[in-house]
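Encoded as structure tokens, here's the structure I'll be asking about.
So that you can tell them apart, the chains are marked A, B, C and D in the order they are listed, and the count of residues begins at 1 in each.
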Amino acid sequence: MDADVPLLIPEVNHEHLGLLDTQQATRAGRSGYIVTNPNCSTIMLALALAPLHHKFGVESVVATTMQALSGAGYPGVASLAISDNVLPFIDGEEEKIEQETLKILGRLQGTEIEMASMAVSAQCHRVAVTDGHLAAVRVKLRSKASIDEVSAAFASFSSLPQDLGLHSAPARPIIVREDSDRPQPRLDRDAGNGMSITIGRILPDNVLDYRFVALSHNTIRGAAGAAILNAELLIAMGKLK
Amino acid sequence: MDADVPLLIPEVNHEHLGLLDTQQATRAGRSGYIVTNPNCSTIMLALALAPLHHKFGVESVVATTMQALSGAGYPGVASLAISDNVLPFIDGEEEKIEQETLKILGRLQGTEIEMASMAVSAQCHRVAVTDGHLAAVRVKLRSKASIDEVSAAFASFSSLPQDLGLHSAPARPIIVREDSDRPQPRLDRDAGNGMSITIGRILPDNVLDYRFVALSHNTIRGAAGAAILNAELLIAMGKLK
Amino acid sequence: MDADVPLLIPEVNHEHLGLLDTQQATRAGRSGYIVTNPNCSTIMLALALAPLHHKFGVESVVATTMQALSGAGYPGVASLAISDNVLPFIDGEEEKIEQETLKILGRLQGTEIEMASMAVSAQCHRVAVTDGHLAAVRVKLRSKASIDEVSAAFASFSSLPQDLGLHSAPARPIIVREDSDRPQPRLDRDAGNGMSITIGRILPDNVLDYRFVALSHNTIRGAAGAAILNAELLIAMGKLK
Amino acid sequence: MDADVPLLIPEVNHEHLGLLDTQQATRAGRSGYIVTNPNCSTIMLALALAPLHHKFGVESVVATTMQALSGAGYPGVASLAISDNVLPFIDGEEEKIEQETLKILGRLQGTEIEMASMAVSAQCHRVAVTDGHLAAVRVKLRSKASIDEVSAAFASFSSLPQDLGLHSAPARPIIVREDSDRPQPRLDRDAGNGMSITIGRILPDNVLDYRFVALSHNTIRGAAGAAILNAELLIAMGKLK
């Protein structure tokens, strides 16, 4: 969360790479850049929010995650702790999602990132799934949008990595499913070779404006694949040689 | 959801049994009464909201459930469907929670129940747990309350079944836990012989006012035990002989 | 188990296709042939035993299976039945394994299959795994063989489908692993595109001669892939046009 | 496995406490005795074999275990290792079962235990179950016994702890179930407050004489409860004051 280090999701905030010039100025004597991966749950949430935020503005977001075991690394969670159980606590996770989302969706103003002006609430849970983080999300938008417009914003989302044809960039960063019982971790985590997130159950919400369920492969889009896509973007932009 | 049939949770809305007089007037020729159990997830949510609603007023509630397999009866969910997976859809469940909660927390006005004036949002998921429904909940209150007041409202909640000393009534309908990683289905579902719900992770929320995690044994407090407690209350009130 | 219908595993008993001539003679007026897939657990066991039986003769075999949920089809096993549990009963499974193995490993004598002369004991269990049947196996051999010879018999096993280069035939029908904790369903079921079985923990046994653990992808090698390989073999032999 | 230290299962080998006199003689200067608990899987197997061995003699036994997560202690097995999986390896477990069973079922001859003269084969697996070890067992008996005699030997088994009315001693050390799908870990582990083992699926076997499936609560009968029952026996015998 250092001010001059971008938390990069290539489809969402490639403009933040402008911070690298700042790094060179302030961290003199160092060659190379520091670019970091956001938390795996933040990647899913920020990628889901990006098209809504760009088109309609997001005023507030309420996300409840059900996260896979592989997100805890190895050995991670004890099998006895999670067997026939759900854990309602992942150390530091709720805070990370609430803070990183604001930075990733913020805008580069001169040499600084202005945090996005939205309220983010995260409650995080560990469930007995090998791979694939799920999030139940509600959003309140700044400008009015029909449910079809929300759905279209997700489905049509495309960005610089797609334009550049980066090798690891999925054709569609967000896949929208109409089936009432999707997305599901086991069935949808490998969509787009694990680099697409899947969104379903887009519905009007009684408290905020809309709700939906998002799914992402936490060790591909959320970790290893994300790092590779970051590197591919840096190379394509001439920042990494 | 018939207008003259109470959805009874003895600790929450025993006043609704006044509807039984209406039933006798309008359903002439029938002996006995109709009293029904709410949905198992609604019982947990309404029981958790009751002390907050009575003390501070609840303006809106956002609940995300992670529900156990036994809630689907037998044979219920196919093992192949839930293995290494989470299902983001339980047919009719979100609608039931959103509607029943308004009725249960409503007030009997003359011969009718006036629905509670609050917004309820529910997203429901099935997880690979045998027993114990979990809900991640955010609430917005009508009057200001400190986090200690919220916690105390939960912990001190007691009602007619406790006053009457009904056999199946738990000493404490709501158990508040301070540990950061509770409640958990396997560890907390049997609290109060399965008749207490357990609440933890009470925290300020960035979007609504407070958030917490609630847990209830879905086949005891949520079904069989609930029916017995209903009967015990009806007997104690002389409505059932 | 009809006498003139081969239970075909292409690598094990392609000679049994000689029965098709008998079928034509006795089931006059019918075009086409009847060839059936063995039970998915039998395929794994017979494939594992084939190289031992051909080289050393198998006198008796004791197999204890831990079978995946997908073997029961859909909806199959109720999630509530298998959650936090093992089921020690699969209807008809033990009998099928005990009988089919004798037929598959039997020899075509004229127009009939002479059952293999060995004793087979099977105990079958359902475990909470999506795909991949595991079997703990002990064997008593008719002629003396060192543990290295047993291991080499598995690893070097190759048969007609490999010679013919059939499209679905794995390069190695049996993969031998030396690691002490393999095979495992999740890690090894996709070996050889799900068409290879994996054998590990080959050790001397105190009661029979040797023991080992075998694993097979029950819906690929044990069902769909098996049917395709059967068809490929029939086409290559000019029996199917 | 020290020669003068009994591996005690009160119902099976209380005679081995005669070794305590030997301990006093040879470990001079020490007060107190050393009595140890066998491995949790051995306890189940030895308890199941005891009535057969005493009545008919056991010549050989082939046991294949499916062991619960709690047997590995805490944190024990990584959840990611066991999720959607079975592990065919528990370090040292097969050897322990094979050796300890011989000692427990052996006879005290003077100041030494003569190992039981039988062949024991164990293959051990870890499955995704919280509590309750399951074993698929085949036995070859020294003298002829009908299946009814085998079943009756299990069901009527009773020993010194039952005679003494020790507090933790279950009324029936072995419960025989006739249902074709029992025992099951989740349904049967708490039988006799976790101190009874449950045996089902008693059937003739094609390779050895009989087969059956046994289940024991590994942390009660297999650990904590076993230690308490040992202490109760020592007190009752005046060895512990």
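Descriptive notes on the structure:
Keep in mind that, in the parts below, a residue touches a chain if its C-beta (ideal position, glycine included) is under 8 Å from a C-beta of that chain, and two chains touch if they have at least 3 such contacts.
The structure presented is a predicted model; accordingly, all values stated were derived computationally and were not measured.
The fewest steps needed to get from chain A to chain C, moving only between touching chains, is 1. Using the average of C-alpha coordinates as each chain's centre, B ends up farthest from chain C. Mean C-alpha positions place chain A and chain D at a centre distance of 52 Å.
With each centre defined as the average position of its C-alpha atoms, the distance from chain C to chain D rounds to 34 Å. Annotation: 45 Å between the Cα-based centres of chain B and chain D.
Within chain A, contacts with two or more other chains are made by residues 83-84, 128-130, 186.
In the complex of the two chains, the chain D residues touching chain B come out as 83-84, 130, 186. If you check the complex, the residues on chain C that touch chain D are 60-62, 64, 66, 83-89, 98, 119-121, 123, 125, 127-130, 134, 136, 138, 180-187, 200-201, 205-208, 211, 213. Chain D meets chain A in the complex at residues 69-70, 72, 74-84, 128-130.
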